[in-house]
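Labels run A, B, C, D and E following the written order; every chain starts at residue 1.
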Amino acid sequence: MNGVDLIKACSAIGAGLAMIAGIGPGIGQGYAAGKGAEGVGRQPEAQGDIVRTMLLGAAVAETTGIYGLIVALILLFANPFF
Amino acid sequence: MNGVDLIKACSAIGAGLAMIAGIGPGIGQGYAAGKGAEGVGRQPEAQGDIVRTMLLGAAVAETTGIYGLIVALILLFANPFF
Amino acid sequence: MNGVDLIKACSAIGAGLAMIAGIGPGIGQGYAAGKGAEGVGRQPEAQGDIVRTMLLGAAVAETTGIYGLIVALILLFANPFF
Amino acid sequence: MNGVDLIKACSAIGAGLAMIAGIGPGIGQGYAAGKGAEGVGRQPEAQGDIVRTMLLGAAVAETTGIYGLIVALILLFANPFF
Amino acid sequence: MNGVDLIKACSAIGAGLAMIAGIGPGIGQGYAAGKGAEGVGRQPEAQGDIVRTMLLGAAVAETTGIYGLIVALILLFANPFF
């Protein structure tokens, strides 16, 4: 075993850890989906506005999941340590 | 033991860690399902709109779970480290 | 100890980690079940629509739990590392 | 120490980790039980429908807990690694 | 293996751990998105104000996710330890 192999091994663990961030957007966007469905049930005539607001907010909530994915992909494919 | 074996061993742990992201969509989409069921019970005539909004939001919430799965599959079957 | 044994040992840990994803669908589907039961209590005549929406949403919420199970089974029975 | 002992040791950790999934159904089904009891208190005449919906949803929420149990039992009694 | 390699290996794990912070903004911003969609459904004429308030709050909620990203990027690309 040499040092670069240890770095690669720990990078694989690090990439897995980074994906755990995905818990957050999954919960948050699901909450938004639930509130969106509830709102559409109450005012079907406002469906367009409700869905647009829901998707805009969900896009913001997605960002930290994307950050985690980017860090994981850096560790996998653009690792600066070797 | 050589270095590649250590990388493989840690990649197996990393793949498992990445799947933990699945907690999020599971909670979020279940919330959306609950709100959808509640809404359909109140306005059965709006069932189509409610279910469509619920599924649209759930699809967005699924994304970070898919990211975790992709990273796990990369670690398992397209590991860039060896 | 040789390298393959280390890979097997860490794959056992990885399979266990992947199952932690099951927390999510368990919470989410339980929420859907609660909202479904609440809705049926209020509008028993809409039971069919409520239960169908609940089960449709619960099926979507199950997906990330299935992903975790698949990754665990791959690690156990179709391990690509040895 | 030989390799099989390491595999057995890590399988014990993996089996324990897999059971953490039980957090989810425990919370979710408890929520469903709470909402079911609430609903029966409000409409005692709908008790049958409420309880059936609650149990149907709870059965779905149980699945990921079962998956974790299966993976743990495989690691304990049908370990494919030795 | 030398010491710098161990530092690099542990930095990869640290970068992954830092991203777990993303759970928080994901949940919080999703909640904001849900409440925003709910509000727009009730007062569509106030959509501009609701969305602006939602985005302002989401920007504040984003900060800790950014902190995690910054620390991860420092560990990856501006590591002060070697």
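Quick note on the criterion: a contact is a pair of C-beta atoms (placed from the backbone, for glycine too) under 8 Å apart; a residue touches a chain by one contact, two chains touch by 3 or more.
Keep in mind the model is a prediction, meaning the values are calculated, not measured.
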Inset, instruction - To the nearest 5 degrees, please report the angle of the rotation taking chain A's Cα atoms onto chain C. - result: 65
Inset, instruction - Could you tell me which of B-D or B-C has an interface matching A-E, in the sense that over half of the contact pairs are shared by residue number? - result: B-C
Legend entry - Pair joined by the larger number of C-beta contacts - B-D, C-D: C-D
Inset, instruction - Measure off the straight-line distance from the CA centroid of chain A to the CA centroid of chain B, and report it in whole Å. - result: 10
Inset, instruction - With chain centres taken as the means of their Cα atoms, state the distance from chain A to chain D in Å. - result: 26
Legend entry - For chain B paired with chain E, centre-to-centre distance based on mean C-alpha positions, whole Å: 18
Legend entry - Where chain C touches two or more other chains at once, by residue number: 1-2, 4, 6, 9-11, 13-17, 20-36, 38, 40, 42, 50-51, 54, 58, 62, 64-65, 68, 72
Legend entry - Of all residues in chain B, those that touch chain C in their complex: 1-2, 4-6, 8-17, 19-38, 40-42, 44, 47, 50-51, 54-55, 58, 62, 65, 68-69, 72-73, 76-77
Legend entry - chain B to chain D touching residues, read off their complex: 23, 26, 30
Legend entry - Complex contact set, residues of chain D against chain B: 24, 28, 64
